[in-house]
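Chains: A, B and C, in written order; residue numbering restarts at 1 for each.
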Amino acid sequence: RDIRTLKIAHGLNIDHPVHKAMVYLAQQAAEKSDHTLKIDIYPSEQLGTEKECIEQLQMGILSMTKVSSSPLESFVPKIKVFALPFLFRDAEHKWTVLNGPIGKELLVACTPKGFRGLCYYDAGARSFYTVDKPILHPDDLQGLKIRTQQSPMAIDMVNALGGSATPIPWGELYTALQQGVVDGAENNEPSLYTSRHYEVAKHYSLNEHTMVPDVLLISTLQWESLSKQHQDILEQAADESVAYQRILWAEFVQEAMADMTSKGLQVYNPDKTPFMQRAQAMYEKYKGTEIGELAQRIQEVQ
Amino acid sequence: MWTPIKKALDRFLETLVAASMAILTIDVSWQVITRFILKNPSSWTEELATNLMIWVGLLGAAVALNYKDHLGIDYFVGKLSEKKRLWTEMFAYLCITLFSFLVMFLGGLKLVAITFRFGQLSPAMKLPMGYVYLAVPVAGVFLAIYSTEFFVETFIKLRRIGDHSGAAVETK
Amino acid sequence: MDWPLFILIVSFLLLLVINVPIAFAIGISSLLTIFAIGGLPEFLTVAFKIATGIDSFALLAIPFFILAGQLMGHGGIARRLIDFANVFVGRFPGGLAYVNIMTCMLFGAISGSAVAAVSSVGGFMVPLMNKEGYHRDFNASVSITAATTGLLIPPSNVMIVYSLATGGAVSVAAIFMAGILPGVLTGLGLMVVAGVISIRNKYGKGVSFGFKESLIKFFVAVPALLLIVIVLGGILSGIFTATEASAIAVVYALFLSVIVYREVKWRELPNIFLQAGRTTAVVFMLIGTSMAMSYVLAHENIPQTISAALLGLSNNPVVILLIINLMLLFVGTFMDMTPAVLIFTPIFLPIVTQLGVHPIHFGIIMIMNLCIGICTPPVGSCLFVGCGIAKTTITDVIRHILPFFLAMIIVLFIITYIPWLSMAVPAALNLF
């Protein structure tokens, strides 16, 4: 009997909800294919960083990977749209868009780049966390050095909201916060938790400026070598793992927040309106471009 | 015929490596200055430095091969007779040549082709990553040239002691 | 053992024995293993890992610390540090041995490279010690082993490599600070051995300076020592990152050697840049091919296999750390430090963290262990260079170097089982 083995690699550890969703995906694929489709998972950057994993998909060395959309921007520029602040009104709007035609369109946009988007995983919303004082209003960002990802979009976003963007590697951030190289950073709850940055940055202001989803990708070379039956099974298993991952994510966020607040993290819910007003500068900048049009279409979705 | 070409090649590579090291130093110092004196972090300096470093690292590997800088164990081959030692040396250079040609040149060229085809751009400078990875096949060519040269040199030495094995002992 | 792993180990050892440079031996054996696994584009995969393996901003500190070391080597820094050390420890019996060790600790601290320390400090101290009647092979042994302290005392290139191998789980600043006490302890351990041997052989004292002369020697060395303060202070105070600090170190070393001490001429600079480029390339080639080997091992699930086997033996951290130390001592005999760190960190780190060992502590254990490895045959960069500058052979040195190995192994076990030595400084500075 012919057994097909696919390799998934990603950068998260095995406690992360995304990893658990992939384990679930592998189980589903095995069951549905009568164990002719086997999926091996390589967590914790064993086979390389997210950027390297995408490159390996292009070469057909690796079958699948999960990436956040920021490293994907270097390969598929359209993906940048997700980095626009306050693009989605709320989580419901986000999922309507991702599950709708625009979501599909962006997954398809990957195809000429050597890989296909299979599905989106929840990565929550990113908010500011700071060492000295909370960010209750964009004015509070004035003069603060905020760590961002090494992506022009992320840098522009923090600058537009009023901070001073400072790109440094994620691994150096704990020390950088500790020593005052930066005054704060921004990320979702699980990342703040697993990185233990909350031990240093005690103010978490849930302004939820961006909701950037994770994307599950498969190498085009590997996809095309699968039988139609295996392709269908894989797509189905991926879709089912999304529902499962969203539940796990929500649970993980709750656990993380409970533990962090018990250890002294102060959580704030600032009014988002002034942040949204500042964010308009970003939309002005992209007006008339492909990204701008895409953003407009997303915001028109009810 | 070969000597002047080789000299020019050596000079070219060495100038490139030394100059790149100097530019690297200036570039990262500039980054520190922009961050602390001009209060305006420059995002391309970091990327330029990383890309330049890859080129220095790989082209420098060819220069280092020319100077026989790469660490190895000469303990065991040192115990062999001169003839056997030269045969082993030839085989070792053949290994390096094959690796440089097959992996770094051919494999590297394929890597560059794929990277250009899918148009990956570096985040800050928007430079096609293919130009960065191009360092691999280019270094592969130079590594292969140098190791082939050493291979031929060893072969000539070997033939010389093969022809006048008595004479070789005398001159020692 | 499965077939691809067998190919990997056997081809690697064979290539080493026939004197194929280590970087290429690692690359070729990884390539052959990929052939044995099947299903991967062989040449492309290795080329890809070489390119992406060295594509990291964190690695940029390495060429800079190498360049700073080169500038200090040419800039008469070693001699001034020797005078400085003489002021403190020269007056005791066997004084020159202490001076050698203390200078290595200071110079190695500045340059971040053991090979630079053994060639600069050893190159100056060994002839001096020979002249004073110290045994040549004793002198070589002191220089070789003392040079490794510079890898533990920050800044240190191999620590940057370790930080990279942990995927950023350990920051460069934290591992730098963790190395200070273990590095000093190693230096003290070596001094004890050197002292016992010196007293037994009735070796004489070093130079004793008068008070005024001591003051002059002391202050002449201060600008050189200031480099450590600038680099570490800069990183700790958050003024700059480790990479930026390394570039500042170069600028400062240039200033010192060209303008203050005036021992390097402007026209000599291109050659110093080239030298640094060559050394950098040797390290980077090793990093690139090691990344390929590490990839092959991960692909074959070797880390999980070893982990399961080790944890099957015992759940006791004391026992596991003992086994890992013995394995690393073995690995260190035939593998250079950089590839060993890159290849074995992903294998051992998940095991020990599961048992509650902190990644910072484990990094120090690993580096200290491999410090012994670079002094042992058949592959030992520090040993090779040390034998070269002392004009002796590995066979002659071995008998004399054994007591120093013993001291290093004792220190290794102290460091392994007293985590406080590694963790106290980074903890006091809130680095993790």
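Just so it is clear, a contact is a pair of C-beta atoms (placed from the backbone, for glycine too) under 8 Å apart; a residue touches a chain by one contact, two chains touch by 3 or more.
Since this is a predicted model, take the numbers as computed values, not measurements.
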item: Chain contact topology (line, ring, star, complete or other); value: complete
item: Geometric centre: closest chain by C-alpha means; value: C
item: Top chain pair, ranked by number of contacting C-beta pairs; value: B-C
item: Mean-CA-position distance for chain C and chain A (Å); value: 38
item: Inter-centroid spacing, chain C versus chain B (mean Cα positions, whole Å); value: 24
item: In chain B, residues with contacts to at least two other chains; value: 46, 111, 114
item: Per-residue multi-chain contacts in chain C, two or more chains; value: 41, 44-45, 48, 57
item: Sequence positions of chain A contacting 2 or more other chains; value: 55, 59
item: Chain C-touching residues of chain B, taken from the complex the two chains share; value: 14-15, 17-22, 24-25, 28-29, 31-32, 35-36, 46, 49-50, 53-54, 56-65, 67, 69-77, 88-89, 91-92, 95-96, 99, 102-104, 106-108, 110-111, 114, 132-133, 135-137
item: Chain C partner contacts - residues on chain A that touch it in the complex; value: 11, 42, 44-49, 51-52, 55-56, 59-61, 168-172, 174-176, 178-181
item: For the chain A and chain B complex, residues of the former touching the latter; value: 55, 58-59, 73-75, 77, 112-114, 150-152, 155, 165-167
item: For the chain B and chain A complex, residues of the former touching the latter; value: 41, 43, 46, 111, 114-115, 117-124, 129
item: Interfacial residue positions of chain C with respect to chain B in the complex; value: 15-25, 27-28, 31, 41-48, 50-51, 54-57, 59-60, 63-64, 67, 239-240, 243-244, 246-248, 250-251, 269-271, 273-274, 276-282, 284-286, 288, 336, 377-379, 381, 384, 394
